[in-house]
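A, B, C and D label the chains in the order they appear, each numbered from 1.
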């Protein structure tokens, strides 16, 4: 009998913690989101020197409160889960764990407390919580397009890395240490800053030959941005196409999720 | 009788102020555009220290003249409108109001007078005035494409914000305060500057590990610009396509030039 | 008789100067290209202080030689042309004129001699000279796509200019003169530098609120680059489609200019 | 008999060195990759002043070991190849040669040793070694799309170079030497830095007119990035499409999945 009541409690806990289709479950998830946001905010504030000087103690207390809260939540999740190990080794299980570990680590390791911003990853639950199937649908198309682009993008990135290595080294030889090109790794860093069109300007070529080489690198970078864009556009178009609903009669793709008739054969769908 | 004449006057006023298909209406709208441009120019000039020193008084007078003019215009618009409240709470009604409010506010609040540049929004009328239906048509396609991309772009931006938060924090830990990464919010600001390839260079990593992390962030930023571009391209292609043919029965746009049935009501076209 | 010989000479001159399908015409055009390149190079060199100090006199002499050469060429073009006025008021006629005018202007106006780099525009003839019909074909597709995108891009740019005006003014109020935001025009300049992701860093926000506003502007700029790209991609796809050859039998578009058979009905084309 | 054994040895060597479908061949290729990576790493490390000061001698010894290793490998490749000259003049033969030449050159020429980073090009073998035919396939699509875009991109780049020359010169006249625009070539370098949205900020306009011109250049640069992107997107879509089906008779790729005849030989498919 007691086992049964225990089971019932676990089941209720499961519905509250893991699902969001009951009022209690929704409330739990919303409260969780608020706590996550507050705890991230407190980490941000603690890192600002002037705030830390005045409110450091209070923030510290809050930080530990949030950590204990998330630890308890993690324990309850394991307890109420049907298959605890499956949860522990799942994507969200891992994120839930690293959301409170850094605070404990900070007892031994200075600076570790800032790592709790990985809690930001927990905010990704927001889509699940709000039951936004539309977001899931769009997210799936995005993911499908990116996965389909993967091979082409690996080929592209390998070429970029090779190019950046060679031009970075050339610039090291041409410019020398006076212009800030102090070593080949630094020159490669500069080449990445340039080819991605970020252009900090902390290191920039001074000699005419260096500026000429840099100009070529910039124009290449300006041009080849077109390549990943072209890849993703094509795959996105295909993924959008494939995600379409099909007509049950003529198997022609439907144009939008809200269509009521097949545009090809007029069948009601 | 007097009421009738009054009514006629209001009707004429309405045609002049709200419409632009009569010579008087066109003249009114053009004059308005010129006054808006002049008043924005005067705000620009007032902000330049050397000009303010010499011509500050004259500019000030002009600023009040423009403000009174726009206030009178606003009153006349309410007076001549059929449904005044509908105008007041419309998009353009709101813009017309905030176009002169800041000057009155500046009597109490220093700096508020510069806010009158929101008048720039009134310039958007130019498309309506020039009766450029072509522009309306193209603007609608643009808007449709952006609205259709909305969900995907929200998913995309959420991922970018999460990424920027985590890498910003890592950089704060790695680089420390000497390189300008004085707090986590500042580091996140730097991460946004970097991932969007703006790259001011006021803050830039100095340590090898920081430069390595920054390189990864740059390459990610360089690569994922492809994602919104791909999204918008695909939606733009679809919106352009959809803007083409309409169903003769329900006036719902047909999806493609080869459709044989309206996808909305099933009518053969 | 003399008139006839004169006519013949003009005709021959016309073939040499205006056309490039005879050996003499080709030689003339190639020589012209070389002279244009040399004259641009001499302008470049004159602007370098160290070179000007040593070789200024020689460069000056060459500059005048080139100018006289181009003046004579212009006179001969007018003389040999069938319809001189048509040439004078044509695009190339105008470019040919402004290619030598600045040197004469420099007698009265210091600095005007550098304007001769507009000669670079004359280099665009290279496509015509090399008879690269393929380039003409591709250039036409590009031009058609850009012309078709024009309306959408005007709508887009108007929105960007409005946005930049308002955010520029906000930053002027928020940041003030200490951070380099010395006037509204300068702040708008900064907003353009930011939204286009150029990011010089000569002016950059220092206050938290300013950095927050700047972050939003950057993310907007990062996102809306997708808009012109999407526009041009769609129009480019359409222009490429429309430029295709059609099958004489079934009017189905051919896939490439080198196809020998219609892919739809198998007709030889 | 001896010749036969010699032949057998050469054959075995060929299989090990040139192919990667036997365990020995795979091992050889993997070991080679590791050595290439290590040698590149040693070049990187040597360029860092602090590392060179302490470990310069050891790195030097390693550098020569790697060079001798690659020289021996090159000799063995020539020896075991069926058609040695064909290998020598092939793309990979050339890369294999320039991978060790710079070290010998460095005996006479200071700085030449850094050129060995061209070894990075040898890493491109990784795709061949891992037998990733998928990568080859995707690489081919990328290459086909870029080749098809070539003409359009040449037209585009010619326009960009002309624009940059003219605006660079204008800025030299407008800004003068005080703002860093010391000569026309330097101003053109600045214009490239700006139009590609890199924006180092080492040179930036100070006068109102210069900032106005720069703003126009930035907006142009921001807008025309759409052009190469549009070009590549369209060609990428076409190349992906074309890579799909082949004609059973002439093995020419079919243009679209709906083609009924091969566009090359007219065979029905």
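As a working rule, a residue touches a chain if its C-beta (ideal position, glycine included) is under 8 Å from a C-beta of that chain, and two chains touch if they have at least 3 such contacts.
Note that this is a predicted model, so its numbers are computed, not measured.
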item: Contact-pair overlap exceeding half with B-C, pair selected from A-C, C-D or B-D; value: C-D
item: Numbering shared by both copies at the subunit D-subunit A contact, with half separating same from different; value: different
item: More contacts between chains, A-B or B-D; value: A-B
item: Geometric centre distance via CA averages, subunit C-subunit A, whole Å; value: 42
item: Chain centre separation in whole Å, for subunit D relative to subunit B (CA means); value: 42
item: Cα-centroid distance, subunit A relative to subunit D, in whole angstrom; value: 30
item: Mean-CA-position distance for subunit B and subunit A (Å); value: 29
item: Multi-chain contact residues (two or more partners), subunit A; value: 185, 197-201, 225, 229, 231, 233, 237
item: Complex contact set, residues of subunit D against subunit B; value: 197-201, 229, 233
item: Complex contacts: residues of subunit C adjacent to subunit D; value: 40, 43-44, 47-49, 111, 114-115, 117-118, 120-121, 123-124, 126-127, 134-135, 137-139, 141-142, 145-146, 153, 157, 160, 185-186, 189, 192-193, 195-202, 225, 228-229, 231-233, 235-237, 240, 254-256, 259-266, 268
item: Subunit B to subunit A touching residues, read off their complex; value: 151-152, 154-156, 158, 161-162, 165-166, 169, 172-173, 177, 182-185, 194, 197-201, 204, 208, 211-212, 214-215, 218-219, 221-223, 225-227, 229-231, 233-234, 237, 254-256, 259-266, 268
